[in-house]
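Look for chain A in each of the two complexes below; its partner is chain B in the first and chain C in the second.
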Partner chain A sequence: MVQIMAQVKVLLVDDEKDYAVTLKERLQLRGYDVQAACTVEDAFEAADSSNPEVILLDMKMPGMDGADVFNRLKSSHPDVEIIIVSGQGAMNERAKEISGRAFDYLIKPVEIQDVARKIQEAWEKRSSRLPEGGRDAGGKDAN
Partner chain B sequence: MAQSAKRYWNMKVYITALMVSITLSLLVVTLVVSHVWLKNFLREETRSQLSWQMENTKNNVEYFVKVKLSALKYISSQYSSEELLNHETLYKCFTAFKRDFGDVVDLGVIDADGVMRSYVGPYNLSGNDYSNHEWFQKTVVEDTYVSDVFTGYRAIPHFAIAVKKPSPNGKGFIVIRATIDMATLQNLITAVRLKEKDDVFIISQKGVMQTPSRIYGSVLGKYPMAVPVNQPGVNIMDLDQPYGSGGIRGYAYIKNTPWILVAVIMSRADAIIGRIFLKELLSVFILSLLIIFAATIRMAHVMVNWIKEADRKRENALTEIEHSSKLASIGRLAAGVAHEINNPLSIINQNAGLIKDILEMSCESMNVEKFHAFIGEMKNKDKFIQLSNGILDAVNRCRTITHRLLGFARRMDVTYELIDLNETIIEVIGFLEKETIFRSIQLVKDFAPNLPAITTDKGQLQQVLLNLVNNAIDAVDRGGSIEVSTKQKNDTTVVIIIRDDGPGIDPDILDHIFEPFFTTKERGKGTGLGLSISYGIIKKLSGIINVESTPRKGTVFTVELPVKDAQHYKERPNGANYGSG
Partner chain C sequence: MPEVRMPTEDTPYGFDEKLAFIGKVLSVFTHEMKNHLAIINETAGLLGDLVEFGGRGGGEFDKNQILKTVRDVELQVKESSSMVTMLNRFGHRMDHPVSIFNVNDTIEELTALINRMISQRRLSFELNLPGGVSMVEGNPSTLQLLLFRIISDIMAGLAEKSKIALITRQDDDTVTIVCKPVGEKAKSQPVSALTQPASQVSANHDPADLNQRYKRSSDELGALVTKSSDGVISVVLPISNTKIGPLAGDITSPGASPVDKPVE
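This part shows the complex of A and B:
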């Protein structure tokens, strides 16, 4: 199956708890260091405490506009790569506004291979952009 | 359908009645005005004609008398008293007189004592004494005289024309007298054209009838009216009652005679109007009536057909708009529904994926030891049951959504049914609840319990409610609140109130919000049809939709619906499609 690779730190933000938990477990099986947050507050907290490298963000979160969540995460963690996951095919104006700054976006339901690949790509992009020191230990022997 | 046919029929009748009454009244006004005008014209005409005829007659009589008087004067100047007293000479004079002027009955010479000394004529008047007769005395005083009509010795009404001839020596005189029958005088005045009821006659200045009158009796009778004042020319006045209104009386003093010509025209000049109207105008009137009727009915027919056509076009356009609005609201739903369904699909996807992962991993060689424990921990019965339940829950969620959607789509057709209003609203809100949660909008439901079930078109009502709640969601800011409440107004009416605390609607705009194509949303965001269609639907459901708004405070939409749609029971609305749902 999948090569167990370096512990890429991933944060999953989605209000569907079942989805988030299962996806977390599946990504864990694939060797990622995954955390799940089901509310906006949890997401910010988790982002601050565990400093993820890649965030999978659902644009439709109760209590706060997805674009606002995106902006806040980006501003507090400028290095993080965010992959937008949306339940709707069409994006609203604000989502389009920020989509340029996101690494990519996926439409639900997502295939695990696609998610894993995107995370990998996002992590590689981040790694190539950042100097060696900025990377977490253990991320080195990827590939 | 029958009702609209009746409506058009009524419209036709109404237009026809209106047009006919307008044209008829105009026609009648024209008739009345022309009648009055004609009447006045004819009266004026009668007056001037009478005046003219009387003037002529008066002149004729004057001329007649003048000629006779001149002849007498001529005789008086040409012959001496002796000659005139001679019967032979007098006879010659009389024959010449009669030959040249006619009309004279006799010729006589009277001496200063008033005794008829010489006489030529049909009566035996020689030796008669006239000294007491008025005409003789007047002639003596005035030299020439025209007498009133009198009977005298001969007992036949006549009048005398006399000339005094003084003797050459200055002492004494004789009087030459000619008499003329009253009938001659009467003939003179018949030149005035008369009708059956009219009358023309001569009276003396003393008020004695000089010629017979149809109204006032025979000759020498008393003229019962006041003798008119002497005025030159012909005078015409309106006849007093009881001689009939509309009649006229004319009189003229005849110069150099004691007479007054009087004419009474009783026949009403306007009497002929009736005949004219009957004879000539009636046919024209009836003809124009027929034309008016025909034209009006034709016109009403054409106009109503235009209206019918316009109504039909409008109805078609409305149906089209309604259809496109339905499509638009379906489109809007689709985005929401996609999200709603994609979430449980994702759960199913991931749960099934995890099960597969676990099973596949167990079959594979576990080359990484540290994950072995992790797999082992996951690979137990509870984990699979948990994942399966997740899948089943997600499927249930999808089913709820698809069922609701199907129900909504089915009710796009017009169909009346008994519905629970509160449940209907909950179904609608169900579509939009997610959106309110995402935008942190508080959605308050305040439903009156025990509302009666109402008979209405559920699908259409839901379309309206969806539109109103959607508008409310669009209006309020993040964190705002929307309240949807129901209550019973009275036995026959229930009310749905949708209140938001958005920015409100500008009072200038408020009057227009139910107009088609009126929108305040950005281009492309709204069709401007939602509220106008909602308005149309609620009207069709025999309800009332109202809006109240306070700027910066919010907007309240109120929908009143009848418990039993009276229109539905009376007659099913046009295009109602029963049983197809």
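This part shows the complex of A and C:
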């Protein structure tokens, strides 16, 4: 029995469009179902419409503090696992406040293997606490 | 090689403020560069993926996509190099305590280096820097500090999606820099580490307060700073009377070092 990777639904939130588009493409090549949002408004809309299982969140979004974006996403989608991605070398105070509730914290530039592994671990954590893997089509088994 | 001045008992008043300014520029710049490197890293990674996944599927590589990706890396490297050039020029502005310099160049540098700070507030710059503006004499880094404080103050009073217009104008014996808020006023003053120390004082200060806020820098430059009732701040600088030959200052080739001519 071989466990094949479920098509994890990922929302990538980053104001650097080139970065978001490229990382999205690389994750899609690895089998993830990825949506990218480059503004906080698009992020909230995408989260509501696609109900992602894992969110990669840039802490420095224009117009709203990253911690506020995190809190709003978590309150409207309590089951989602959020991985914080930041270009800053160190966490600021507000990032520290929320880091305990985030799945993990990655510093740019990131290795694609690390991102993929974190997404997978985050998805597994989410699935383990939700009944039936937390969704209809997740975690398929194949011979 | 310019002498490096370290803080001592005789350190000039305002040294800390300049250090804080340089620190802010560096933190914004390094954040920007980390993003540039992250984009280059991902684009190069995508290139590898296209080869690996294309090859693994047994099909042919998508040559057009590979070529486009290579070009994206080249463009990103150029953009990053341009930012590094700006920081290099910014650093060299401090080589001499007094020099003859081009005001438009100093504005272009500063706005390029702090653009991320502005865009994080969903604001943007609107530059109108006509050619032919005379050179001025003074300390260009002091002018950049003064402009940084003015920009920070204007930024603190603006609502999202507004602009900060910077316009230079040549009069008979002066060069005027007009710093103008364009758009709606902010409903409340945002408190952000990005605008410190400038935002520690309200943007709606009275003229007396304004004079105090900018006095140190304007005195050093021999400049006059005024603010109109609609929030427009003007910096009037005397043009240099020092006779000089053609300066490399007008050379705008990428990678060129700053070209301020020191005044002995």
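The rule is short, and it goes like this: the second predicted complex is superposed on the first by the 132 of 143 C-alpha atoms of A that agree within 3 Å, B and C clash if a C-alpha of one lies under 4 Å from a C-alpha of the other, contacts with A are read in each partner's own complex, and residues count from 1 in each chain.
Convention: a contact is a pair of C-beta atoms (placed from the backbone, for glycine too) under 8 Å apart; a residue touches a chain by one contact, two chains touch by 3 or more.
This structure is a prediction, so every number in the text was calculated from the model and none was measured.
Undergrad: Just chain B (first), just chain C (second), both, or neither: which does A:Glu16 touch?
TA: Touch partners of A:Glu16: chain B and chain C.
Undergrad: On chain A, which partner's contacts cover more residues, chain B's or chain C's?
TA: B
Undergrad: Touching A:Pro109, do we find chain B (first), chain C (second), both, or neither?
TA: A:Pro109 contacts both chain B and chain C.
Undergrad: Take the contacts of chain A with chain B and those with chain C, and give the residues found in both.
TA: Touching chain B and chain C on chain A: residues 16, 18-19, 22-23, 25-26, 29, 60, 62-63, 87-89, 108-110, 112.
Undergrad: Sort out for me which residues of chain A touch chain B in the complex.
TA: 1, 4, 16, 18-19, 22-23, 25-26, 28-29, 31, 60-65, 87-90, 107-112
Undergrad: Under the definition above, what is the set of chain C residues touching chain A in their complex?
TA: Per the touch definition, chain C meets chain A at residues 30-31, 34-35, 37-43, 45-46, 49, 53, 72, 76, 119-122, 160, 193.
Undergrad: Which residues of chain A touch chain C once you look at their complex with the stated criterion?
TA: 16, 18-19, 22-23, 25-26, 29, 60, 62-63, 87-89, 92, 108-110, 112
Undergrad: Using the touch definition up top, name the residues of chain B that touch chain A in the complex.
TA: Per the stated touch rule, the residues are 335, 338-340, 342-343, 345-351, 353-354, 357-358, 360-361, 364, 368, 371, 374-375, 378, 387, 390, 393-394, 437-440, 478.
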